[in-house]
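Next, two complexes with chain A in common: one pairs it with chain B, the other with chain C.
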Partner chain A sequence: MTNLSPVTVAPPRGRSGWRSMLPRWSPKLGVGLVLIVLITLIGVVGPLLVGDPSTIRDIGLTTPGGEFWLGTTLTGQDVVAQLAHATRGSLYIGLLVGVMATALSALFGIVGSYVGGYVDEGFNLFSNVMLVIPGLPLVIVISAFVPADQRGSWTIAVVLAITGWAASARVLRAQTLSLRNRDYVAAAKVSGEKPWRVITVEILPNLLPLLASQFVFSVIYAILSEAGLSFLGLGASNSSTLGTMLYYAQNGFALQREAWWWFVPPGLIIALLGCGLALVNFSIDEIINPKLRDIPRRDKAEAARTPDPVPRPDDDVVLTVTDLSVVYQVDKPVHAVKDVSITLRRGEILGLAGESGCGKTTLAYAINRLHRPPAEVTTGSVTFHDREGGDIDVLALTPGELRAFRWSKLSMVFQGAMNALNPVISIRAQLDDVLTTHRPEMTKAQRRARCEEVLKLVGVDVRRLSSFPHELSGGMRQRVMIAMALLLDPQVMIMDEPTTALDVVVQRGILREILRLRDEIGFAVLFITHDLPLLLELADRIAVMKEGEVVEYRAAQDMFEHPEHPYTRQLLDSFPSLTGERGSFVRSGEQTPPVDRSGEPTPSGGVR
Partner chain B sequence: MTTLEARELVKDFHVRVGLRRVRLRAVDNVSFTLTPGRTVALVGESGSGKSTIARMIARLEKPSAGSITVTGPDGRKVPERQYRDNVQMVFQDPFASLNPFHTIEHHLARPLKLHGKPHGWEDVVQLLERVSLPGRDIAGRRPHELSGGQRQRVAIARALAPGAKVVVADEPVSMLDVSIRLGVLNLMARLQREEDLAVLYITHDLATARHFSDDILVLYKGRVVERGPADEVILNPQHPYTKILASAAPNPEARGRAVEIDPADVERAGAAAAYDHNTGAWEEVTA
Partner chain C sequence: MRYYARKFAFYLVALWAALTLNFFIPRLMPGNPVDILMAKLSQRGGTVDPSARRAYELLLGGNTGDSLFQQYLSYLGNMFRGELGVSVSNFPAPVSDIIAEALPWTLMLVGIATFLSFVFGIVLGTFVGWRRGTWLDSLVPATTVLAAVPYFWLALILVALLSSAWGWFPLQGGYDVILSPGWNADFIGSAIYYGTLPALTIVISSVGGWLLGMRNMMVSATAEDYVLTARAKGLRDSRIMIKYAARNAVLPSVAGFAISLGFVVSGSIVTEQVFSYPGIGSKLLQAVQNNDYALMQGIFLVITVAVLGANLVVDLLYAVIDPRTRVSG
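So, the complex of A and B:
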């Protein structure tokens, strides 16, 4: 339910629709745009300002300066004038190819994968065939086949488009395959939309950033390939592009004559244009995958915290969290965890209940120091009281110490952890890997024995060790993840919604294992879930969180019988009793008071 | 009086295992009738075929065998072309079922238009107000600006837009925060009463199934194992699988109990004959 990854916690507000399709401003984007705009100006405005590029003068190979500030060619043509016209020619071909290749890839990639069946198989086979044919040789063959006098810019553009669309089609196909299974596409079908409308209105807009980046990619490809072709003398006749400039420079032995002003400027423009387009593409990629964004790390605020480890209150306590606050330092700082104090005793199951966005996952991450910028611990301390004596101030650990601390003293089972197993590595190798990293002194036989031992502990057949994750059921994979968290015999285990994605019968089996392990091994569990009835049955004590604060913190039995905080009561009321009275769960069709009190966040309100 | 009758529905999927094609029966001989003003709950775990049944009724999948017929108020079968005027669906995940690119107005105006209803701004606002949302404020927004509960209300409004009389709700509250589930379920109950809707409520949660439906069908591996009035099925379960399901649900009143569930027992229980509370009889498993 709470799919709260630290990076996406604060969705940018107000960036909607078309605006969210635009890349965010960044230095990369700025530099890229400046480069592209400058070069486009050279290509568009330049030819109007310079003279005829083909005028032949008898001042061959003049060095730059004076009237010809980039010198002249062997036949006395002005390099500046040639450069302006060549840039225009290259941009023209780049745009032509970009449009044609994107259209082709959209046709084969999007339509094919949406229609499915044989059409998709056919289109996909065709794109694959086009993909494995090496591009440049094919281009050379095709353009050599066309007589030189008929080889105009359009011919070259068509040839380049035909050879350059396949990779984009593959990318678009993969994305469309995922989009066509989205519920909103199904919903559009159910409301009776026609297939072409589903493609153009529901799917296509969501592909725009991808199409844009594929377009930019094909422009780069076209400009570079055209330059290559022209350099080989296979380019468009009667047209001047950056490639033809290089071709003539090569034929005029510019390199041997050290006439750098003849071949460096066109080469530089190709390189800078490619660079600018690539930088813009990075920014477009960040729309598709926001995780690529750089989040500035602010070290000073982290250091400002005064570490004050709490002395061990008594031997029974294993983890003390005092006044912990975590703030997401985004434009408008979000106080995700506010002054939370909890203690965890040995062999205790402490439940942490709350709804999505209440900060429970952020708290768990902060205890383990897994929070990443923009999240910051602003106040408070986390103290681990080791079984062997000694207290560890978790927030003050160096990265090396932290690595040793995590997993061996305190391990974590993540939300949806069963999907965190590597699908191509066997269970044994993945368990073994933890041991080789943390316990390098163990022999192979010892490691093997330990792996078998933990698997037995969580009730999975030892023969499953050589299986791969996809061969196990969801419940089985979750058990393997718990086994992995047990490997190093930790004193504390944090479990973040470990059973949320599982069926009740499977969940029951895992809960039984957790209780049994707690009794046998005596570790302490911090069990995070939104399911309060589950905690009431399972946990010893429960902390209820709301909007970053712990609103009620007491023994489970107590909480069930006499919930004090109105929010706790409201949560309890939200779960109907299976066999008991209906309570507030009467199918009245009326808006009952608890709903109004829940106060569905008003649109303008804070974090959801 | 629009009713929907599903008779002996079967859905087979073909899966490739190596070079062989294996038939996987997702739904096996399921029959039920949805009548106006009544809610039928389909209860089962993941893989029990309940979503497949929903998708077949919404015409997103074709049944391998069996029939789904909608009978209009005039007692005649509704022709295929008007099927979607009568049957609509509410999807499970309100974060996935609204297109992030389009405004709320688009989501409601399109179905209104497609089914030949007035589809101006005012009509959309009215529709939003029927699901207790501030229509004027919300119609121009995009899905990511709304909370989960608000989105699901929009999804319900979309299902009502064509004037459907049969609504399939596939786990409509399982993705929502617990404190707003009750509100959404009650909204559906209110609309059902106002419109005399026939509702198929699909859920894995026995408790809400009991409180929000009239009849319950318990599914296991595509087969109905127990059916009957809601309270009967939950309070007095006859089938061993239903009993296992009921005992596995969290129960704060039974702290410290030891529930041992052996997967083999579940398998065995699921294979038993089906029990029908209405006839009070066990029905033999048909091969």
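So, the complex of A and C:
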């Protein structure tokens, strides 16, 4: 039953990724394959090597040893010979059902969702109905009506396939629906390829891991169900399977007579085969959803914090980052942030610009120690100069101190239009848990008043407190994120692409709000974006990052007038100009901003 | 509201499909079940009056003068009035009485065992998924071994060890036969004692599936942006794990719980066979062995309706825990 819950399937890469379709080698995969190969050998080669399994001898229930490795049954039949033939029978039924059920689920799942419209609705309804009608009772009823002498392997296989395909059809349908709208599929359709060709050439290869996983699952299901049916006396009558063998063992009171060698081996073979198949399925699942891959365990190296935390140069500075380096400790370590030093002054907006993957998000997360393994801070220091006096060495905080530090001194605004708000709990609960955690002394009424206060600050109706995130527009979600960041009156706010996924009108509103709040409340902002022209307008100073290094770090006005580093000039030139003059990038007032660049899907960097 | 309307409509269609299947299966299969039934009935000295024969023919098909469509309509009418016919193996008890007697046993045993298994699986899966990269990861392959073991095989071995060899639990049955069924402490205590081992075997063999599903969803959920937000907010780990990661990760498992109910009922048939438990599954098998088609059909129908009803309840519950379904339907 491992595959029942619909998995969130990561999109397989485009057409070229054949390599990525192969499972990664892992001990699990190795053990699984060895088990499957061994048992298949028993089923395929075994029957040729052993004697007739039905030969009756006058040596009932011989204990294992000597001529009979695993003893004999009640009627003196050789258990080893029976096992070999029974394994063959079970594998045969498993394969038959696997092929038939996979074909059925592909038909109803892939074809239906590809064709769409009423066909899809109909097929989907049919799959769902088949899914909720309980399988085994149906199988029992069907088998009971088929007279025992006509009940062969094929009958059992057909019945099991008919009752076992529906769950995979649902999974396949969901995946096909998402594939159908991919660009390369649309391109093939527009260029006039026939539907069957689009399905077999464009869609099927991307579904292969999923189909393989469903096939393996069907085989497990079939072998287990067949065993169950046989145990109930409803199995295939003319062939020997592991299930029928167990049936005879049970009816011969094998366990009561302590003849374990008759009862235990067939079940063990089923268990080992099922286990082998499931282990292979793990590896296939890891292709479908790469998040499931094992993370190698490693000893955490203590960050060599050189140089030491910096004492405050003057009261004007709130955050000092010195020589900070972050490395992704993978097979070939990736130096994502290299010796970055920046300072943030009180009430200042410091812009951090750079293209996707330049390390700006990694840097921002490392400041708050939100980076996750395999990312590691290897050198450097982060010092927070508290308004109330005292310097905080952020990298040295204990887990408890770090929790208290986060949000109350330094809060963050993520790309709220995406998934930064928890979709299943209300806005109120998400604001409230900040206060209950950091300000346990506040009463319920005080917390409520504070939540309403911050929502008013960002211009959101307080009635929205009882809403869920999906009920808000993208812009409103972002305002809620900012309200949340204001809750504890922090001294620093890190904003990671806060306006990227919003349309330009909403974007302007939010930016104006940030400037106004900064002026009123006086927090400092580290503003991260790939949009350098936007920073020129918004920020006081700007750091431009390239390949993990800060290549230019100056006042915004200076940078606009005399960009020094070639990369900065390149970044400025890469944005289309509306008038032909680079000066037109500076979007002041109501001037029409350039086209919406919502192309970047998630906060870049890949810290997570 | 649309969500609920759609769900109700779906289950009506599913119910209709099950009734129709029930009607056509005996008609499509080789052999004439009515003749077999009538022969059995007269063996037991039952009076074979024409009206009884007609009732069976409606249920199972046969040489009636009516068209297939008329038979279908009369069959549907009988089903809605709850007239499931008379059992042959327990002649002359009506099928509905036999079912009413057996059903509570199955509901209690399988219901409680499934619920426990779900809860254990979800709680364990939450921890295993949250603490990824620690020794807990090794629990994952271990549970697949349990899931791959044929249920009855495991159950029989447990019976041989725990009941026969060590005598911790009774071998079989639903209660101590010297007691008479009733709502008194002795009887309920006995029923719980007899039910423990069957319930234990169900939990052992099904907990792995829940654990694995929940663990995989936890792994996906902990990589979501809202978990990162929660960490940046400085919340306690336990709160992030429960309110942010697990609260989202559990949704597919709840949806899967509905689907698994069918498997649960199926599993109970084998359980009841192993333990000779006086529930609906053993009645179904008894019906199959005695060619008691009316009882068989009735039980199949009741099982289907029970599973559909439970599915509906889970679907309605799902709308409560996932606010998004209520609007998008």
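In this section, the second predicted complex is superposed on the first by the 544 of 608 C-alpha atoms of A that agree within 3 Å, B and C clash if a C-alpha of one lies under 4 Å from a C-alpha of the other, contacts with A are read in each partner's own complex, and residues count from 1 in each chain.
Assume contacts are C-beta pairs under 8 Å (C-beta built on N, C-alpha and C of every residue); 3 or more make two chains touch, one makes a residue touch a chain.
All figures in this text were calculated on a predicted structure; none of them were measured in a lab.
When the two structures are aligned on the shared chain, A:N422 is found in touch with chain C, with no touch to chain B. With both complexes placed on chain A, chain A has more residues touched by C than by the other of chain B and chain C. When the two structures are aligned on the shared chain, A:H470 is found in touch with chain C, with no touch to chain B.
Once the two complexes are overlaid on the shared chain, A:G347 sits clear of chain B and of chain C alike. Under the contact criterion defined above, the residues of chain A that touch both chain B in one complex and chain C in the other are 1, 608.
On the chain C side of its complex with chain A, the touching residues are 10-11, 13-14, 17-18, 21-22, 25-26, 29-31, 33, 132-134, 137, 140-141, 144-145, 147-154, 156-157, 159-160, 164, 206, 208-209, 212-213, 216-217, 219-220, 223-226, 228-236, 239, 243-244, 247-248, 251-253, 255-256, 258-263, 265-267, 269-270, 273, 284-285, 288-289, 291, 293, 296-297, 299-300, 303-304, 307-308, 311, 321-324, 327.
On chain B, the positions that touch chain A within their shared complex are 45-46, 55, 58-60, 84, 88-89, 91-93, 96-103, 110-111, 114-115, 132, 137-138, 141-142, 144-150, 155, 158, 161-162, 175, 177-183, 185-187, 189-190, 192-193, 204, 206-208, 210-212, 234-235, 244-255, 257-261, 263, 266. By the touch rule above, chain A contacts chain B in their complex via residues 1, 11, 13, 16-17, 182-184, 186-193, 201-202, 205-206, 355-356, 503-505, 507-509, 512, 530-534, 536-538, 556-557, 560, 570-571, 573-580, 582, 584-592, 594-595, 598, 600-601, 603, 608.
Residues 1-2, 4-8, 28, 125, 128-129, 131-138, 140-142, 144-147, 150, 167, 220, 224, 227-228, 231-234, 243, 246, 250, 255-256, 263-264, 266-267, 270-275, 277-279, 282, 285, 289, 291-292, 294-297, 368, 370, 373, 402-408, 411-412, 414-415, 418-425, 429, 433-434, 437-438, 468, 470-471, 484, 602, 608 of chain A are the ones that touch chain C when the two sit in their complex.
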